[in-house]
Amino acid sequence: MMYSFRNDYSEGAHPSILKAMNDENLNQKIGYGMDEICEQARALIRKECDAQQADVHFLVGGTQANLTVIAAALRPYEAVIACESGHINVHETGSIEACGHKVCTAYAKDGKLTPAMIQKIVDFHADEHMVKPKMVYISNATELGTIYYKEELTALHQICKELDLYLFMDGARLGSALTAEGNDLTLADIARLCDVFYIGGTKNGALFGEAVVINHEQIKKEFRYNIKQRGGMLAKGFLLGLQFKTLFENDLFYSLAKQANECAQRMVKVIKDAGFEFYADSPTNQLFPILPNSLADKISEKYAFQVQEKINDETTALRFVTSWACPNHVIDEFINDFKSYTK
Amino acid sequence: MMYSFRNDYSEGAHPSILKAMNDENLNQKIGYGMDEICEQARALIRKECDAQQADVHFLVGGTQANLTVIAAALRPYEAVIACESGHINVHETGSIEACGHKVCTAYAKDGKLTPAMIQKIVDFHADEHMVKPKMVYISNATELGTIYYKEELTALHQICKELDLYLFMDGARLGSALTAEGNDLTLADIARLCDVFYIGGTKNGALFGEAVVINHEQIKKEFRYNIKQRGGMLAKGFLLGLQFKTLFENDLFYSLAKQANECAQRMVKVIKDAGFEFYADSPTNQLFPILPNSLADKISEKYAFQVQEKINDETTALRFVTSWACPNHVIDEFINDFKSYTK
Amino acid sequence: MMYSFRNDYSEGAHPSILKAMNDENLNQKIGYGMDEICEQARALIRKECDAQQADVHFLVGGTQANLTVIAAALRPYEAVIACESGHINVHETGSIEACGHKVCTAYAKDGKLTPAMIQKIVDFHADEHMVKPKMVYISNATELGTIYYKEELTALHQICKELDLYLFMDGARLGSALTAEGNDLTLADIARLCDVFYIGGTKNGALFGEAVVINHEQIKKEFRYNIKQRGGMLAKGFLLGLQFKTLFENDLFYSLAKQANECAQRMVKVIKDAGFEFYADSPTNQLFPILPNSLADKISEKYAFQVQEKINDETTALRFVTSWACPNHVIDEFINDFKSYTK
Amino acid sequence: MMYSFRNDYSEGAHPSILKAMNDENLNQKIGYGMDEICEQARALIRKECDAQQADVHFLVGGTQANLTVIAAALRPYEAVIACESGHINVHETGSIEACGHKVCTAYAKDGKLTPAMIQKIVDFHADEHMVKPKMVYISNATELGTIYYKEELTALHQICKELDLYLFMDGARLGSALTAEGNDLTLADIARLCDVFYIGGTKNGALFGEAVVINHEQIKKEFRYNIKQRGGMLAKGFLLGLQFKTLFENDLFYSLAKQANECAQRMVKVIKDAGFEFYADSPTNQLFPILPNSLADKISEKYAFQVQEKINDETTALRFVTSWACPNHVIDEFINDFKSYTK
C-alpha cells in the first residue's frame, strides 16, 4: 500500500481534538468566535506568547489568514515584501493582489529574507510613481523547510522598525520551526519581534485553523470587520477555539510538531548517508533530496511525494513532507526500502 | 438554564457526521477537495439535483460562497440585484463590494424578489455611466424565513433568461425551505431553474460547509482558481465531502431540516393562538413574533433570542431560530412557559 | 440650428484659459503637477479658502476625484454615506465599489442629506457583520441643482464630528452653488466645515480639471500615491494648474458660474410664469420643469435637453442645463419661443 | 538657461493642436467621446491601422490606459506577463494590482520579452494554486528605448495564440518606435499582431491622450463601462478626438516623433564618438550613456536629465529624453558643449 509524503495535511486531527469536539458537540455556544472556549484558547495563547496585550483571532486556513492580515494592514498603494518563493507570491492565486496589493520580491536561495534585501527594495521604491513597501512577510518554517534564528529575526525586527515596516510571520508550519533542532526562538520571542504572526493548526494536528496573534495597535483595529468581509468568519467559531485550546493545554502543539520533524530527519539521515545532496537544508518536516530519476521512480512505487524542480536530465529535486500523524514504523520501512534501493 | 433560539448554528454536527470524521480520521487523503470522498459527495448531490452536468464545489461558509460565486461570475462593472434585506447587502460587511461589485437593491416586505423589481432595476441602468446588472441573488429560505414557490422561481428564471441575467440562489437555509409546509420545489427544480446555487450544511447538521452547484458554463470556468484566490480552499477538503456525503446518503439533510421547522412552527402556533401577529409569515425555522416588551422580557429570562426591529414603544418584533438539534422537550417547555406568561 | 441644454460641458474653455495655454505652451515644465504654475494655483486656492494648511491636488475629472478621495480615505470595510441620487451611487459605473467600498444610501427628494439620515444609517450598522460608515458624501450643488445652506452644512459637520465620519463635498458644480441666489456659503466656510472637497473646473470654464482641497491630516497622507495608482496623475500637470490659476486670478470662477445660473433662472421664470411646476427647486444652472409631452416635443425641435423622469402618460420632468458659455441671446430666443409655444 | 532632457512631456502641444482647440472651442459637442470629431479621429486611426473592425477609444493618460485595458481583459485570478522593467510593474504605483491582478515578470536586459520568457512563466503556473497568466504586456518603444522588430513581434503573436494569451502593446512612445532607424513595423502590422494596443499622444505632440485600439472581440465588449468605472471618461471627450485627428490628418504623428528621435540620435553620436558606452542600445528618443560622474556634473550645469542607475563609484548610467518640441539649435549647443567638456 502507498504511503503519502505529499504534504502534512493528508490526515484529520489528533484524536484528542476529535474527542473534544465530540464532548462539546451539543452544548450551545455563541457564534463567530465570541464563545468561552475561544476565550480560553486565546488566554492560553497569550500566556504561551507572554503577550497579554495581543489580540488573538482564529481563522480557518493559511491563505485566508495571509490575505486578511495583509488587507487589514495596508493602505491601497502599500506593498508587502516577500521572498520570491514566498507562499503569498507563488501559491495563493494572487490573493494579495486581489485585495489590491503588490508583492515585492527578493530572491533567496534558502527562502529567507535578510535586512539587506529589504533595504534594497525600500531604497528602490523612491516616490509616488511606485508602490510603497510597508510590510515584510516571512514564513517560519519557510517554504524550503528552513528556519529563522533569533539573531536573524531580531535583525529583521530592527530594520522593520527603522524603515517603518510591519513584520508579519506566516506560521503555517511554526510548530515545526519551533521544535526543529537548532531552533533558538520561542513563541514569546516571536510575539516580541513580530507585529503580527500566526500559529498554524492545520498542518500540526488540527482539522483546520490558524491563530492570528496581533501586537501592533494599527493592525488590531477593527480586525473582525476584515475577517468577516473576506469570508473568514466561521459561524461555529468555537470549533477553532476548541482545537487551539486542546493543542495548547498540554504542549500537544510541540509534541506533534516534534514527531513530524523527527520522522523527516530520520529520512534526511539515510539519504545523506547514501551520499546524496539536498536542494535546501531543512531541519524541519520537509526534505528536498536531489536524487537520480531512476531512484525516484523506484521510491514512487511505494511512496508518494512531489517534484520540487528538475535539476538536469538525470536528477530531480524531490519534496517529501512528514506529518504529526506519521507512524514511526513507516519511517523504519522507508529507511529499509531506501537502503535496499541504493545498495 | 437558558436555551438559545438566537440562531441555527449554536451546536456542532449531527452525531453521524462526527462518527464519519472519526472513522476516516487517519486515512490519508489527497488535499483540497480532490479526494474520493468529495467525489462521492458530488455524485450524490448531482443525483439528488438530477443534474449530471453540474459542477459541485464545497466551501466552508456562506459569505465565502456568496463572494466567490459572485466574483467568479461578474466582470468588474457588472452588478448583482438583491433584496434590500439580502444577506449580501446587509450582513457580509461589504464583501461583494470588496470584490468590486455593486449590489442593486429593491425593497420587498417579505424578502422576496419579483420579476417586476428586477425589470425596473434593469430598465433604470441604461448606459455605461451606470453599473450593468448581470446577476440576480435570492435566498431560499429568505432572511425573513419566507420561501419561493415553483411558480415564482420559474418566473424569476424566465425574466433572467430574457434579460441575460444569472440567477443565483443562496441556500444557506435551503433544507428549511425544501421541507417547509407548502413548499413545492425540489433540488432538481432548483438545479433546473438557477444558474448557480448552494446547499447549506452549516445551518443544517454539519460542522460547516456549503455545497455550490454550478449549472452555467460561464461560471463553471476555472472556478477553483476563484476559490483559492478568495481564501476558500480548505486543505483538508475531505472534511467537506464527508459531511455532505453523510447528509445526502440517507436523507439526513431533509430530516434534520424538518425537525427544525417543526419546532419553529409549534412555537408559531402557540403564539398565534394567543393572538399575536408576526413581522413576516415564515413557514421555516425562523419566527418573528411581534410581542409586548413586557412579555419579551419575561421570555428572555429562560430563552435567548434576537430583536428584529422595534415596532413602537410598547412592542417589538423578535426573532427566534430553531435548529436541527432542538429537542422536542425544549419546545414543549417553551409552549408551557408561553401559555403561563400569557394566561 | 439646434442649441443644446443637455449639459454644462458641451463647449471648450473660457478664451482666457486657451490664451494662457498658448502663452505657456513651449515653456518647459516639471511634470506631474510639481511645476510652479500649479504651485501658484494652489496658493490662490488656499487663499480663497482661507486654508493655509490645506493640501490641494488637481485631477482631470469628477469620477476620478471621487474615487481617488474615497479610496484614499477608507479602510476596506468602511463605507460612504450618500443620497440615493448621489453621483457616486448612480452615475459612476460602480467606481466606488470597484475600489472596494459600499455606498450606503438614504432617499432625499431634494438630493440633500440631513443629520437624521446619517444618524439612522450609522445606528443601523451595528457590528462587524455590516460595513462601517466612515464618510459622508454630499454634492453642492446637488444632482437636482439644489444647494446646501450654511446652517445645513454646519449641522452635517457637527454630526460627522460626533460620529467620527469624514465629510466630503463633491463640488463639480460648486461654482453654481456659490453664486446661486440665496447661497450663504463661501469657499472658506466649506474649507472649514468639510474634511475634503473639490472645486469643479470642467463644468465652469475649464477644458477639464477638479481641484481637490484636503483638510484632514489622515486623508492628506501620501495622497499623490493614490492619484498615481488610480490613473489620475496627468503627465503635463501644469495644464491643470494653469486653468485653476486663470479661474482664480480674477474671480473668473464666480463670474462664469453666475452667467450659467442667470441663464437658467431666466428660463425658470418664463416656465413658472406659464404655470408649470418643477421636479426640484433649483436656484442653480439646472432646471427640471414638468411639462406636457406635446410642449416638450415642440421645444425639442430647436433645443436639446434630457428626460429626468416620466411623471405620467401626459407629462414628463425634463432637465435643462445651462453653461458659462451660454449667450444671453440664446436665452432671449428660448423665452420668446417658449412664450409662443404656450400662448 | 537650463534645458531639460528629463522627459518628453515638458512642453504643451504642437501649435496645430492648440489652433484646432481654439477653432472648435465654442462649438457645442456631445460629451464623453460620442461626438463627430472623435468619430473622424477613429476613422483616421482605423484607416492608418488598416483595421476597419477595430474599436478605438481615447483615454487621457498611459497608466489609465494600461489599467483600464488590463482590468477589462482579465478575470480576477488571471495575470499579466511583463518585463521586470515594464512600466506597469515599476512605475504605476501598483495600479494593476489595485485592479486585482498580479504582474508576472521576466528579466530582460534590453527590456524586451521573448517567447522563451513567456513560455517559462506559463509553464511555471501549473494549477489553481497559482495565478493564470492570460495577457502579455510589452512596450514599444520599451522603457529602455529599444524597439520590437517585425520578426520578434510575429513570434510573440504566435506564442500568444498558442498559449491563449492576449498580446497588449503599450504604445506611449509608439511614434518614436515607428520612426526609429531600423524599424520595420507599421501601425497596420501592430494592429494585425496585437489584440490591443495604444498609440501615445501625450509624449508625441498632444497635450494629453492615448488612443486604445482593440482588435479582440472579448476585450471590445462593453469597454466604455470599464473606462467610466476607472475614472477615465473625459467629459469634453472631443478634446481627445481633436488631438488625434490633428496628429493623423497630415502625418504630424510621424514627423514629430522623427524630430525627437533625430535629436536623441545626434546626442548618441557625439557621446559614442567620445568613446563612452551605453546602458541600453536605443534607436529612439531616449539615450542612456554611462558617463563619469565628473562629466555628468558638468553637463548638469546646463542640462537637466535623470539618473538611470549607479554603475560604480566613478560612473553612472544617465537618461536623457528628447521631445518633438526640441529645437535643433539646442542639440547643436549640446554637441558643442559636450565636445568642449570632453576635449
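Read from first to last, the chains carry the letters A, B, C and D; within each, the first residue is number 1.
Just so it is clear, a contact is a pair of C-beta atoms (placed from the backbone, for glycine too) under 8 Å apart; a residue touches a chain by one contact, two chains touch by 3 or more.
Which chain is which protein? Per UniProt: A, B, C, D = L-threonine aldolase.
No experiment lies behind these values; they were computed from the predicted model shown.
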If a chain touches subunit B (L-threonine aldolase) and subunit C (L-threonine aldolase) alike, it appears here: A, D
Shortest hop count from subunit A (L-threonine aldolase) to subunit D (L-threonine aldolase) along touching chains? 1
Farthest chain (mean CA position) relative to subunit D (L-threonine aldolase): B
Roughly how many whole angstrom separate the Cα centroids of subunit B (L-threonine aldolase) and subunit D (L-threonine aldolase)? 51
Subunit A (L-threonine aldolase) to subunit B (L-threonine aldolase), mean C-alpha position gap in Å, rounds to 34
Using the touch definition from the top, which residues of subunit D (L-threonine aldolase) touch two or more other chains? 76-77, 92-94, 98-100, 128-129, 131, 225, 228-229, 233
Okay, in this complex, where on subunit A (L-threonine aldolase) does subunit B (L-threonine aldolase) touch? 3-4, 6-7, 9-13, 15, 18, 21-22, 24-31, 60-64, 67-68, 92-95, 98-99, 202-203, 207-208, 225, 228-236, 239, 325
So in the complex, which bits of subunit C (L-threonine aldolase) are touching subunit B (L-threonine aldolase)? 76-77, 79, 90-94, 96-98, 100-103, 128-131
Touch list for subunit A (L-threonine aldolase) against partner subunit C (L-threonine aldolase), complex: 71-72, 75-77, 99-100, 128-129, 131-132, 222, 224-229, 233
